[in-house]
Amino acid sequence: MEIILLVVFAFSLFYLSMAERFRTYTALIALQGLLLFGLACFRLREMNVANLVFLVTETLLFKAIAVPFLMYRILNRIQVNRVHPDALPGFYALLLTMAGLLLSIFITRRLDGQLIERTFMLIAMLALFTGVILIITHRRIFSHLVGFLVIENAVFLFSLAVGMDAPYLVNIGVLLDIVVSILILGLFMGRIGTRYSDMETDNLADLKH
Amino acid sequence: MTLVSALIIPGIIIRTKSLCSGRKGPALFQPLFDAGVLLRKGVVLSPVTTLVFRIAPSVSLASVLTAVLLVPMGRQDALLSFSADFVYFTYILALGRFFMILAALDTGSSFEGMGANREALYSLLVEPVFLLLLGTYAMFTGYTSFSEIFSHFYFSNNYAFIAGILGFYLLIQIAMVENSRLPVDDPKTHLELTMVHEVMILDYSGPDLAIIHFSTWIKFALYGALVSNSLVPSGWPVALQTGLFLLLQLSFGIIIGLLESFRARNKMTKNPQFILTLTAIALLVFTIMLLSSYMSSK
Amino acid sequence: MLLIYFGITILLLTGMLLFRRRKVITILMLAFLLNQSGLTAIIWLNPGIVQMKYFVFDPLASLFLSLLTVISFTTVIHGLINLRSDSTRRYQYYQMALTGLIASITAATLANHLTVVWIFVEATTLCVSVLIYHEKNRLTLEAVWKYIFVCSVGIAIAYFGILFLGLGLRENAGFDLTFREMALILGDTNPLYLKIAFLFVLVGYSTKIELFPMHTAGVDANSVAQPQVSAFISTAMVNLGFVAFYRVYLVFSQTQIAGWMNHILILTGILSILTAAGYMLKARHAKRMFAYSTLEIMGLMAIALGFGPSAHPAALMILIVHTLIKSGLFYQLSQFFRTWHSYKIKETGNYFALNPHGGLVLMAGSMLILAIPPSGLFLPEWMVFVSLAGAGQWLVLCTVLALLGFIVYGFSTRMLHLLFSRPIEGRLEASENQTNWYEITIQWVLLAVASLLCFYQPPFLLALIHAAIQPF
């Protein structure tokens, strides 16, 4: 069952690397949140109830609902809806992501462990590469933000692979998620949204040399 | 079997599309009647064309017919099978397409050149998908011939099941792309800037055009056969398999018709990206199969 | 005892939050500094004990905590002078953030457990961002955004590395990420896990250490923060990043990937120096110039680390001396700013004529930071170069020397312009400034100690350094 969720997650990563509209990004992040919720439910079945409830609530509430909601609000406030016209076209971004998949396969080949965990690791590494590619090849801050959220999802996914043996690692990953999401999304997008209304990182280039 | 279904599939597709858009649509065998009309007409040739233009339709039909020989039906072996024959399959079809492209360039018309350019690009992009998919199946079953792959293809574990479903979806998409259907290319549009396959055959008339239509239908049925093959279980008696095969071909036609009715044509610049997505999915299928092979090897 | 420290810190923070009067906050801050020095003294007196299960008073921690205490004192004193004109609310946030920052750095330095270190390093990101966003304008907003973003990505990547390590350790019975435990059981782990974990941890913490590839965070933060905050970031935070990274390095240095790690470190060092050289030749902002110099020195430190255990004392020495010199330079820059109200090199200059005492400090500091003897940096850098030559690494040596040449050129020309020549695009008016003797004295003391360390290294310091570099 987990493998289906992981495959859909990998699809969402591919789609994310080639999508061009910010609303699509938001919808995909929400989808990823839901998938992670499902994966957390499946994977951490044997944990004690309180911890499990905390984790799945956080995943569902934060990743699937609160963060996309905040992103929609930001999109409604600023008038920007697409990636920058000079950003890398979707074709090449998708090629890079496929290269990332090959690299992940290569790296996880020599790891040992159960198969399901290695699948988790593979998809987590793919998500890490996709997030990094998003950050590097795009120019608007919103895309950078989405790339960072994807990296966070990668970390969470990876911590699920380790999850059962060290529950506190998953908790700390969740902590990272909450803190940084609140910080970046809540405070800053609010302020940056009001000051820089067209969200080009070119505008954030005053700090030079 | 494949040839039989070839005769009826285009009619089904057109009928389905018409019904979906609210019209009654032409009769099921109308395309055959149209082809008959074409066969009785004479050929009009442009003075700039050369031999390539004259032989291209025949080469195309010949290549498709050869390809038909390779595809098995259900558990029966194909009429022709040898190891790694799916590569041969790909390239014999490519040969037919190559000649069509040459013929399109041969006419000296810029529209046809444009269409030939796009056609070449799309088939270039979709080729790795097909090879990757069949290669994955070959890796999974351990055999390299169509007949053997399909007779040994069964879903042994979770991973293979998912890979099978994805492969099925991919085959349908490959069929849509290779046969120049929506969303890559609209067979009904004759706007110059947006034609891909239609523009290549713009200059043909009479029996040549009829031959080209035949080869298109057979190609369609070919892919339908591949799709059906991945669904027909190999343990059933022959008659039942044949019946199921026909049924699947018919429903393939209906599904294509439905898919086409509810989809819009892609923007031209988005097409390469769309087809690359298919490669990404094929890579994913490969990954899943790779992982499942680790599992069975542990 | 550590619990008492934390308890007092929380009390003082609450006090700062509730009382909005300037004098009260200042007194609370000074009380915190006393608290901090008390803790340092206790650590010196009780080496090696474990506190609260996750913290341990080991030599590495005592070395860097002493440095931290010294820098905290000097930063607070300079801050009191610089923040005279700020509103009470801003002052309150500033002091609270600074207190939180010092406490987090202390906790992270003392921590014994990989995840606890990580948590506190993340806490420092939050505190620093409040400190940077002190004046609320476009530039600071941009700097804070970049800082938080890059640091968050770095933290996430570092956590990825920690997870990899956790996964690699899972097969062993005790699943404990304490450094001491890890050192014992890492021997037979799959080296691929270790390599990936090390790489991710290095990349993640490079935001703090100001190494390539994620040095941009520190550089941007330094350019908009107040000078004393920049001093703190460039010294204490860099030391924190080093400690966090070094502990992981020590744990891994007993495994089979030690050689590979050293190669990666040398590569990182060279890349950092290369980046610093590139930036330095284009530098137009005084504080950014100093930040690039930090980048260069950290690159040298990484090369020293990558050279093997024999060169680790040199690396630690570089860090110690750099702390002293860089903070002195940045503190003097605050006086520079009060004179010229700008940091742009082209718009300012002639500082020596306007403020001879300050100019002298800047000149001495620049000579020391460029490792010109009698700088304390000279000896460790010399040791690094001699070791490189001795090991036959001629290509590395020549590359590093050439790049350092560029850096020295870039830095010197700009510094000399700042001190002696008239402004190029002169539109600013220099204001007359009284020399503040407290500031100058502190800066001279820092520079003097840094230069003293070239000639005489006190035995207790050497012993401490040697104890600090011992693997577990």
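Note that the chains take the letters A, B and C in the order they are written out, and that residue 1 is the start of every chain.
FYI, contacts are C-beta pairs under 8 Å (C-beta built on N, C-alpha and C of every residue); 3 or more make two chains touch, one makes a residue touch a chain.
The structure displayed is predicted, hence computed values, not measured ones.
Enquirer: By label order, what chains touch subunit A and subunit C together?
Expert: Shared contacts of subunit A and subunit C: no chain.
Enquirer: From the C-alpha centres, identify the chain that is farthest from subunit C.
Expert: For subunit C, the chain whose C-alpha mean is farthest off is B.
Enquirer: By number of C-beta pairs in contact, which two chains lead?
Expert: After tallying contacts for each pair, the winner is A-C.
Enquirer: State which chain is most central when centres are taken as means of Cα atoms.
Expert: A
Enquirer: Using Cα averages as centroids, what's the distance between subunit A and subunit C in whole Å?
Expert: Result: the chain centres lie 31 Å from each other.
Enquirer: Report, in whole Å, the distance between the mean C-alpha point of subunit A and the mean C-alpha point of subunit B.
Expert: 37
Enquirer: Distance-wise, how many Å sit between the C-alpha centres of subunit B and subunit C, to the nearest whole number?
Expert: Here subunit B and subunit C have centroids separated by 64 Å.
Enquirer: Show the residues in subunit C shared as contacts by 2 or more other chains, in ascending order.
Expert: As it turns out, subunit C has no residue touching two or more other chains.
Enquirer: Could you say which residues in subunit A touch two or more other chains, in rising order?
Expert: none
Enquirer: Write out the stretch or stretches of subunit B touching subunit A in their complex.
Expert: 158-159, 162, 166, 270, 272-273, 276-277, 279-281, 283-284, 287-288, 290-291, 294-295, 298
Enquirer: Would you tell me which residues of subunit A are touching subunit C in their complex?
Expert: 107, 110-113, 117, 121, 128, 135, 141, 144, 148, 151-152, 154-155, 158-159, 161-162, 165-166, 168-169, 172-173, 175-176, 179-180, 183-184, 188, 191-192, 195, 204, 206-209
Enquirer: Give the list of subunit C residues in touch with subunit A in this complex.
Expert: Its residues touching subunit A are 115, 118-119, 122, 126, 129, 138-139, 141-146, 148-149, 152-153, 155-157, 159-160, 162-164, 166-167, 170, 175, 190, 192-193, 196, 220, 223-224, 279, 282-285, 288.
Enquirer: Spell out the part of subunit A that touches subunit B in their complex, as residue ranges.
Expert: 3-4, 7, 10-11, 14-15, 18, 89-91, 94-95, 97-98, 101-102, 105, 115, 118-119, 122
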